[in-house]
Amino acid sequence: MNITEVKIRVRYKETDQMGVVHHTNYYTWFEVARTEFMRNTGMNYRQMEENGVMLPLLETHCYYLQGARYDDLVTVRTWVSKYVGIRVTMDYEVIRDEDGALLARGSTVHAFTDINLRPLNIKKKYPEIHKLFASLVK
Amino acid sequence: MNITEVKIRVRYKETDQMGVVHHTNYYTWFEVARTEFMRNTGMNYRQMEENGVMLPLLETHCYYLQGARYDDLVTVRTWVSKYVGIRVTMDYEVIRDEDGALLARGSTVHAFTDINLRPLNIKKKYPEIHKLFASLVK
Amino acid sequence: MNITEVKIRVRYKETDQMGVVHHTNYYTWFEVARTEFMRNTGMNYRQMEENGVMLPLLETHCYYLQGARYDDLVTVRTWVSKYVGIRVTMDYEVIRDEDGALLARGSTVHAFTDINLRPLNIKKKYPEIHKLFASLVK
Amino acid sequence: MNITEVKIRVRYKETDQMGVVHHTNYYTWFEVARTEFMRNTGMNYRQMEENGVMLPLLETHCYYLQGARYDDLVTVRTWVSKYVGIRVTMDYEVIRDEDGALLARGSTVHAFTDINLRPLNIKKKYPEIHKLFASLVK
């Protein structure tokens, strides 16, 4: 349960004239995986936002090993690597299904905020979310 | 005043593996030109949205003649081609600066709505916006 | 076989500050559906491009009825609506799974070209592709 | 000469439903700034690619301080922070023009490769590019 895997088919639009996936799209895939991770843990991120809890980005990092290509099927794996009450770090791996090659690794650091993007004391305001994240750290 | 021209430098990200600009990006350029058109007429679209007037899309159309390439400088021209009170049509041309070639033509049809995307009687509620658009039709 | 349906989960990145999917992304979804349509008919578009047959866009059209939202599950349906040897037209519908509402309709017109984006006489050069497309028109 | 500044007007498409610029777009702006940096130093990146020298990404990093909003005018500053013959690191700052606030900082690490994305000994093959980059480190 602590690792979520999502399958993504590379879109034509995601390529650039180098013939591989433009580097920004890995971050979009991380986001797709994050949504499914949240769903798997029982938190629906869409509902969280509708309830006024946002997870804006503080940092993003990505290391590119090999380029994904149009129509490749890739698996994005994600998990919580760190949680310290006011911020949470998620790690990611992108694997090409055809040969199991690791294409990219990355991480994103998020703050918990309210709808006006002001920091939120998640432990106090949403103890059940706090407990869940604390239990998810891998 | 009735035609706005905007210069755009093609971004690497906007290319795809065909080596030309991905067709969706012309619509993004149309949107950039629309923002400047509005500014030129004295309506600031950001302020309009902040005041609760939205211009969501009803239709988009584009005809592609030649592909723009990375680092090309293009001019996007836009004007109001039709205005009937509840909806407005804008037309566009994308021209390559280097040789004046017409790369694409397009149009977008917009509704006036409130912030909840419900139709807005612009003539009644915002007569000054109504008058302006009526005067802008080319 | 003549209609392909693809499921797409709306990505956060695909939304804009209006709170709905930015209109350009429907065209990206059409492209995703096109790839699967081709695969279903036995033509792999990636292989087609590797063999030097490209399908660049001549026209794109979209009609927006209701906005898709983040995390919505939508079905994109696509089929060949016209084929005249040198160009092919595909039609699309985007349906929201939750309630079956039609969110958007569209069409794209493509030329057959070689790798240098020069027109290709598909009937002469690739009679099997010609026959297939001719048989697919709905 | 060692720092390039580029002005960017935030596009509507670059926002997401949080009402601010989606985090991936900062990387696209870094890329825009990179293109202008190269042009300012006398290397045209488009020509470099046409001559078979590519600069694919090895790493990307971004730190987000405040969110840019639709129609904001921002300045992206970029410079070479490290150069070790086979790879080059560029640093970036995104500043909001209205109040001079620093919105984001980032860096990208690039390899020199040939058109097939194989590592290139830039010092041997292109000594003039090597000298230029060595002289640009800030």
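Which chain is which? They are A, B, C and D, in the order written, and residues in each are numbered from 1.
In this section, contacts are C-beta pairs under 8 Å (C-beta built on N, C-alpha and C of every residue); 3 or more make two chains touch, one makes a residue touch a chain.
The shown structure was predicted, so the numbers you read here are calculated from the model rather than taken from an experiment.
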item: Interface with more contacting C-beta pairs, comparing B-C to A-B; value: B-C
item: Most distant chain from chain A, judged by the mean position of its C-alpha atoms; value: B
item: Chain A and chain C: spacing of chain centres that average the CA atoms, whole Å; value: 28
item: Centre-of-Cα separation between chain C and chain B, whole angstrom; value: 24
item: Euclidean distance of C-alpha centroids - chain A vs chain B, Å; value: 33
item: Chain B: positions in contact with at least two other chains; value: 12-13, 17-18, 20, 24, 28, 49, 70
item: Touching residues on chain A, where the partner in the complex is chain D; value: 17-18, 20, 23-25, 27-28, 49, 54, 56-64, 67, 117
item: List of chain B residues in touch with chain A within their complex; value: 12-13, 15-20, 22, 24, 70
item: Residue ranges of chain B touching chain D (in the complex, touch as defined); value: 9, 11-13, 28, 31-32, 35, 44-46, 49, 69-71
